[in-house]
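Supplied in C-alpha cells, the structure appears directly below.
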Amino acid sequence: MNKYITEFIGTMFLVLVVGVAAIGGTAGPMAPVAIGVILMVMIYAGGHISGGHYNPAVTLAVLIRGKINTGDAITYWIAQVGGALAAWAIVSFVFEIEGANVSAIKSVSKGLGAEILGTFALAYVVLNAATAKANNGNSFYGMAIGFTVMTCAFTFGGFSGGAFNPAVALGACLMKGFIWSDLWIYMVGCFGGGALAGFIFRLNNPDDL
Amino acid sequence: MNKYITEFIGTMFLVLVVGVAAIGGTAGPMAPVAIGVILMVMIYAGGHISGGHYNPAVTLAVLIRGKINTGDAITYWIAQVGGALAAWAIVSFVFEIEGANVSAIKSVSKGLGAEILGTFALAYVVLNAATAKANNGNSFYGMAIGFTVMTCAFTFGGFSGGAFNPAVALGACLMKGFIWSDLWIYMVGCFGGGALAGFIFRLNNPDDL
Amino acid sequence: MNKYITEFIGTMFLVLVVGVAAIGGTAGPMAPVAIGVILMVMIYAGGHISGGHYNPAVTLAVLIRGKINTGDAITYWIAQVGGALAAWAIVSFVFEIEGANVSAIKSVSKGLGAEILGTFALAYVVLNAATAKANNGNSFYGMAIGFTVMTCAFTFGGFSGGAFNPAVALGACLMKGFIWSDLWIYMVGCFGGGALAGFIFRLNNPDDL
Amino acid sequence: MNKYITEFIGTMFLVLVVGVAAIGGTAGPMAPVAIGVILMVMIYAGGHISGGHYNPAVTLAVLIRGKINTGDAITYWIAQVGGALAAWAIVSFVFEIEGANVSAIKSVSKGLGAEILGTFALAYVVLNAATAKANNGNSFYGMAIGFTVMTCAFTFGGFSGGAFNPAVALGACLMKGFIWSDLWIYMVGCFGGGALAGFIFRLNNPDDL
C-alpha cells in the first residue's frame, strides 16, 4: 500500500506544479526548472518506497525492463491517474487556475516527435540511472531524471507543451492547458517513447535482466 | 550546545538571504534560487551536527516522526527564532533594507493553501530524504531539501510570498516584507503542513519508526 | 557493441539539444543550461557502459591518459559522428530547423582561445572526476562534466558559439548554425584542448597511470 | 608539486570566468551561476589532489582549522596569486577585456559586511562539507561550496561586487573590474570572514581537530 500512496503523492505534486507554475504561469520562464525540480525532489523522497515513477510511461518502461510486475504496474497507473485528478482539484478549487483551452501543438509531426524524443530520453535515463545494477547505491538518480524533464521542457516544450508523461497530459487537459483532441498525441508519444526505451535497455544490457 | 549554534547560524543565513535577496530585491527573479541554495548549503554544512532543520515546522515534523526529543525541539525553536532576529539586525543595520509593509497575500485561502502545500512538500522531503533509514548515507539530502523550497517559491510564491517556514515568516514581518496581521496564516500553514508530513510519514513507513 | 550504441545515443541527444535549443532558439537564454544538462543526464545514463564521452576530443584525452585503447577510440569517434548525423536528420526533417549560416566567430584568436580553454576545462574535469582512482565511486562526475560545458557556454559562447566538441561543431555546420570555413578552428581548438588536458593529467598524476 | 599546479589551474579558471563572464559581461545576469559552477567543477576536478581551495581566505580558514601546514599554505597562496595573474593575462591579451575602472562598492560598511558574510559562509561550508570527518566520502562538497559562492553573489554582489576571495579581488583590480583603492576592503573582509569561520569551526567541533 505504501508504494501506491507514494506514487499518488509524487504524481499529485508534479501535476500540481505543472498546473500552477506552467499553466497558471506563476514561474514564468522558469517553469521548466520548477517542473524538473519537483520531479527530482519527489523521486528523492519516494524512490526508496515506490521507485519514484510518477509517470505511466515510465512505469511501462520499467515493466518492459522487468523490474515491476503487471499487477503493480496497473495499480501504479491507477495511483498516478488519482494523483493527477487530485492536482486538478487543487489547481481548480484552491488556486482557481484554468488554461486558455488552446492547443500547445502547432504541428502533429513536430509535437509527436517532441513527445517521443523527450519521453524516450526520460525513460532511458530512469532505466539506466535508477535500475541498472552497475549504478546501485548512487546519489544522482533523482537529479538525472528530474533534470532530463527540465532540459526536454526547455528544448521541446515549444513543439508540444512538454508533457513527456501521460498523467501530466491528462491533468493538463482537465486544467485546459492542453486540449482533449490532442490527448492521443501525448498517449502515443509518451507510451511509445517509454516502450522504446524499455526495449533498447533490454537489447543494450543483456547481462542486467 | 554545538547543534543549537548550528541551527542559529543556518537559520540566520537563510533569513538573511530572504531579507537581502528577496525583500531587498538584490537577486531579482533569481531570489527563489538564492533562497533554496542557501538552505541547501547550510544543510550540507550543518546536517552532520544538528540535522540542519533551520525551520520550526521541520523541527515539528521531525518531532512527530520521532527523531528529536521535546527538549531539543524547544531549544531548536529558540535557536531558530534567535537566528531570525540576528538576520533582521543585519538586514536593518548593515544593509539598511526595509520591505514595503504590504501584504504578500491577496487571498487567505490561496495563501494558506500555498503555505500548507509548500511546507508539506518540504517536510515530506526532509523526513524521507534525510531521516528514512533506507536513504542512510546518501549525498542528495541537502539538494533535495533546498531545491524543494526553490521550486515551491517559484510555484507558490505569488500566492503567499513563499515562506514555508515560521522563522522566515517572523523575520519577514520584522523586515516589513510581510505584515504582522498575516502572521497567523504562516503559523497555521507552516506548522499545519509540517505536522501533516510527520503523520503521513508515520502512516507510510511503519517499519522505520 | 553496447558501448558504441551508448556513445551514439548520447551524442545524438547532445547534438539534438544543441540544434533545437540553441540553433533553433527554443531555450532562449537558457540554451547553455539545456545543453549542459543533456550532457549530464546522458553521462549518468551511459557512463556505466561506455564512460559517457559523447565528444571526440574527450575520447582523445582519455586515449592519451591511457583509459581507452586505440581501436575503441576510433570506433567511439565513428559512433559519435554517427550520432551527430542522426541529430542533424531529426533537426532538419522532424523540426525543420536551419541556422542562419553566419559565422559564430568574429575573431579567430578569440574563437580559438575560447574553444581551447573550454575544451581543456571539460577534458580536465572528465579525466579527474571520472577516471582518477581517488574519485572512484563518486556520484558527482556527471554534474561536474555537464556543468563545465554549461558554464563555458555562458562564458565563452559569445566568442566561438561554444562547441568544445568536434561532433557538436560538425552537427552545427550541417545545421548551418556554424559555417564550414570555421570548422578547422573547432577541430584545432577542441582536439588541442583535449590533448593538452590528457598530457597535463599524465604529468600531474604520475601515480595514477 | 601536484597540489600547487592544481591550485594554479583552478584559481586561474575561477578568475578567468570572473573576468570574462562578469567583468566582460558575456554571461549577463547568469554570471553568478557561471562563477559558482566553475568553482564547483574545479573543486570536483582538483579536490582529490589539493583540496580545491582556489581562494587564499579558504586556505587561511583551513590553516586555522588545522588541516594544512604553514609551509603549504604559503605555497598555496603563491599558486593562487599566480593563477590570478595568468587569468589576467588571458582576459587582457586573448579576449581584450577591460573593466570600467569604477568602484563596485557604494558604501564601505555594506561592502565590508557583504564580503565578511559571504566569505564566512563560504569558508564555513568548506570546513564542514569538505573537512569534517562526519562528512567523509560524500559527493556533495563541490556543489555545496560552488553554490555558496553563487547564492552569495546573487545576494551580496550588489554591495561589493561579490569577490569573497582575495585572489578574485586582485584579479578584478588588475582587470579594472574593481579599483585598487577598494582592495583593502576585500582583503579585510575576505581574510576576516575566513578566519572567523576557522575559529568557529574549532569552537563548534572540539572532537574533530
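Here are a few things to note about the model shown:
Letters A, B, C and D mark the chains as written, and numbering starts fresh at 1 in each.
The rule is short, and it goes like this: a contact is a pair of C-beta atoms (placed from the backbone, for glycine too) under 8 Å apart; a residue touches a chain by one contact, two chains touch by 3 or more.
Predicted model only: the values in this text are computed from it and were never measured.
Note on connectivity: the fewest steps through touching chains from subunit B to subunit D is 1. Of all chains, the one whose mean C-alpha position sits at the greatest distance from that of subunit D is A.
Residue numbering at the subunit C/subunit D interface overlaps only partly, since under half of the positions present are found in both copies. Note: centroid distance subunit B to subunit C, computed from Cα atoms, is 39 Å. Subunit A and subunit C, compared by their mean Cα positions, are separated by 28 Å.
For subunit A, the set of residues touching two or more other chains reads 139-140, 143. Against subunit B, the residues of subunit A that register as touching in their complex are 2, 5-6, 9, 13, 16-17, 20-21, 26-28, 30-31, 33-34, 37-38, 40-42, 44-46, 48-49, 90, 94-96, 139-140, 142-143. Those residues of subunit A lying in contact with subunit C across their complex are 29, 32, 109-110, 113, 117, 121, 124-125, 128-129, 132, 134-135, 138-141, 143-145, 147-148, 150-151, 154-159, 200, 203-205.
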